[in-house]
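Beneath this line is the structure, given in structure tokens, with notes to follow.
Per-chain residue numbering starts at 1, and chain names A, B, C and D are given in the order in which the chains are listed.
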């Protein structure tokens, strides 16, 4: 059995859709190989970048099966088991295990008004119900609460949690967790596309960057440079990737939300790179128009992912 | 077929559980009859008060079947089709229709970063997918966005929305919607337990009060008094019910969140009244201890729901 | 000495400015008489509607002197002593007393990160320093904290607070305070323009409506009707005033903030009514353009404050 | 005339008070020399750490005079001109210039509902009114709005702003500003005590750390190491300072807010180091009790600021 990687680059896979909104199996397989070929250390499916909140249970299971099928044990497959509260999350956990997940990734409860006093019981119940490594997913922008460092450290010590994916954007919070788990080998992954180098420098063990779908080689290079202590190399790579990341703003914010723009732009970039077949995003996201789609390519050229001549 | 009631009291049913966390069918049937006997005008299942965020799909369907079975067409059954975004909500809508819902109640997307530009597409897609009356559920405390009055009024005019349940606690917002739909017959229900009389006075057509589980007769009296224009009677009833509602604070907030306390207190009150068998709430809510459970009874006595002698 | 009115309409006066940004004494005197003639029960200067946050100390003192001069003891003059924390607020209190204030109105500390544990000391120190009646001003939208009902009730019982101005827009909070001070005569004023009738119905003793500058007669009629128990009359007046209040939206929100629009519209309405000479607002507020200014008049006509023919 | 330093460590001075709440001149002079002796590059008075929100105008002026007197042109003195909106801020600016400030530091408007459309006019009016270099102070936790990177860059290009103090804690925001002003020499200072090394690495030109009062030598060492490119040395210094910074938590949060605890702890540490005479903080902050004060010393010992034997 493939266990949780304690370090490395684990991109949160986009979920390619057909224009009709079905899972595009061929594109997803190509995306998976695109990432594996770049040397990523794990694959995270049904995360926020993967439009998990929009995918039906059937679609979630199918995505997982496809990716696990391509990976075939080369790297661990982590599955987001995203649902409102514990009993529903446990159902997601069971389905994820059945469809090939090696590791489960769960947030705090959301929609239901939740409270820090309830976090411990939540993660304990999930871990007790399904025997797979469990990673806590701290994403306050989606769940509207923050996992306290003490709760994470306690649950790590108890053996309930096997890792943390920190998508809070809060480096001080990251430090707080790292201070508490120092020396234990508990892995902490940063979900930031733009603070990857400083997160590694602060002690994070790995990266889960959304735009790693588009440029996995870049994040693998950044990560490897950091491991060798070549921080200037890592920083230059980060600077390039931060400029690339600005493609999330191609969508007109008077017409759409930031997420419609960002996910649309990620997918459009993958289309431009020949990795997936089309850029459709889930209902009710607003689709990029042709002008907005065309605005993606210059970012890819500037990041040296496409030759200038193609422009 | 039973259509949407355009006015009246529609309590959001608690979901009685066995100590093992299974649906307690007998208790739920008794609760349904308790409400019907009080003369309520509709039954709202799988809402926030019904712990919908904690219930598995199986449990949601079972709750709906049980309540629809007892109601047997006497009053419409409204079902909360609560899920993160449109494709998942549509799945919930299909299941709800299959298990006996007369009316569907859907929130804005949540967990996924959502934007007002996306609300119209969300509700249109749900309405197009499942042919049942659709009520928008405005609950910013859970979904962290507010449905703009203009969006609601537009979707009402289009025939997409058949009503609004306003759980925002924002009377100015309620006014804004009422101003826009005046004269159209579009029903607006207030989810406030404590502003029921003023909401009706402002023009709301009905009430969806959580503590209506405990004292449905009180809200029916309040509603009927308001309909007759006897506002002082309505206000006195509201004053009594507002005092009763303070039982939501029995739980020690150092040990638990406000929702654990409130839902626990509602259920414990129903136990004390002999309506349901036990007060278990879903994982990971914190259970009331014996002291906290005992603190519920005095509220029932003061509200004249239990004789003083029993104390 | 004029003591705190325990009920009635106490408009928060706009501060008329010359185009150069100086206090326009003649206009302010006319505005004061405009309000007194309408039968208001008190005058509140240097509140949020009065642009207190923009006024220098010199201008604050001048405003107070002018208004106190015109009022000449006919009704009490309340002065907002708005500053960041206690020692500065006490300085404001001393200046306000010296320049003619009968009653002081103070918020919780702001800018400085403040905490409910510190509220009691804040109000106690102000009351101890300056011997005038003290009203707490609950305005979470400006100070970003909420005064707990228990704190207010305790300080009322201690004799520190002589009243509350509730600009929180939270009717449940208003109820919580009213429940705790019932029977003590402690006056609670609502700062809501649009929930005036329901606030009075819930037990508020008075009103501090910004748009009361424009239509003081309307709020006095509303208040008097409420006092006589003629709630339908009060509600019809409120409905008219709520429509009038929508003039706060004349400013283009792409060009300016909501406050620039609202204060600009209040002043422009006073210009149109011949009460003040021009609509200048303080730096850095964005001034209404001619189109936006013209949009104010139809609201005045619809509210029957201007004859239709003048349009 | 001393101009704005474009780099270096500029501690925001604590304001020592007597037990009666007056400015403690002797202690403030000692604190100023304590910082100058450590080699700091500037002195920032009447900032948030200096309790500016609590200080009367008289006290603000006095603090500035004392510090400017000790510094006597050795390093520039920056003064926080903190007030609610433009006309009041301009008054503060004039007073600061008159009492010895070399550079002015102004936030966005607060208390008054403010809007990004109004930020440009605010800073332009201040700069036009008082001829001193002007630094924008981005502190969303106090003013509840965030200065957009584009506004800062535009005002820098216009010559209105001469620098930025970023106390937002948002490294991505810092990057956004740095990307826009790259190559212009516009200095950006980080107000973070705990992300000083990463901020410098990202391109910040200087530091304004509150706990730099307690350990100025540490921040000067950190800064100098960073300038030499010795990032591992800088990081080790930061790690030590981050542990020291945890002394902000000595106060019991059931009794007091976080700011009472932090400012109290800074001052108590300065007492323990013999720099100031007592740890009194402004009304209405809660004072540390003897147990809490005693808890400060171990942090100083661990940070090697006090010998172990003194414990």
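Following the convention adopted for this analysis, a residue touches a chain if its C-beta (ideal position, glycine included) is under 8 Å from a C-beta of that chain, and two chains touch if they have at least 3 such contacts.
By chain, with names taken from UniProt: A, B, C, D = Dihydrodipicolinate synthase family protein.
Everything quoted here is computed from the prediction, not taken from an experiment.
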Equivalent interface to C-D, taken from B-C, A-B or A-D so that over half of the residue contact pairs match: A-B
Would the interface of chain A with chain B count as same or different, where same needs over half of all numbers used to appear in both copies? same
Copy-to-copy rotation for chain A and chain C - C-alpha atoms, rounded to a multiple of 5°: 180
Which chain's centre, taken as the mean of its Cα atoms, is farthest from the centre of chain D? B
Gap in Å, rounded to a whole number, between the CA centres of chain C and chain A: 50
Once you find the CA centre of chain A and the CA centre of chain D, what distance in Å lies between them? 37
In chain A, what residues contact two or more other chains? none
Which pairs of chains touch each other? A-B, A-D, B-C, C-D
Contact residues on chain A for chain D in the complex? 169-172, 175, 179, 192, 194-195, 198, 201-202, 231, 235, 242
So, in the complex, the side of chain D touching chain C is made of residues 21, 48, 51, 53-57, 59, 82, 84-88, 91, 109-115, 117-122, 125, 141-144, 255-260, 282-286
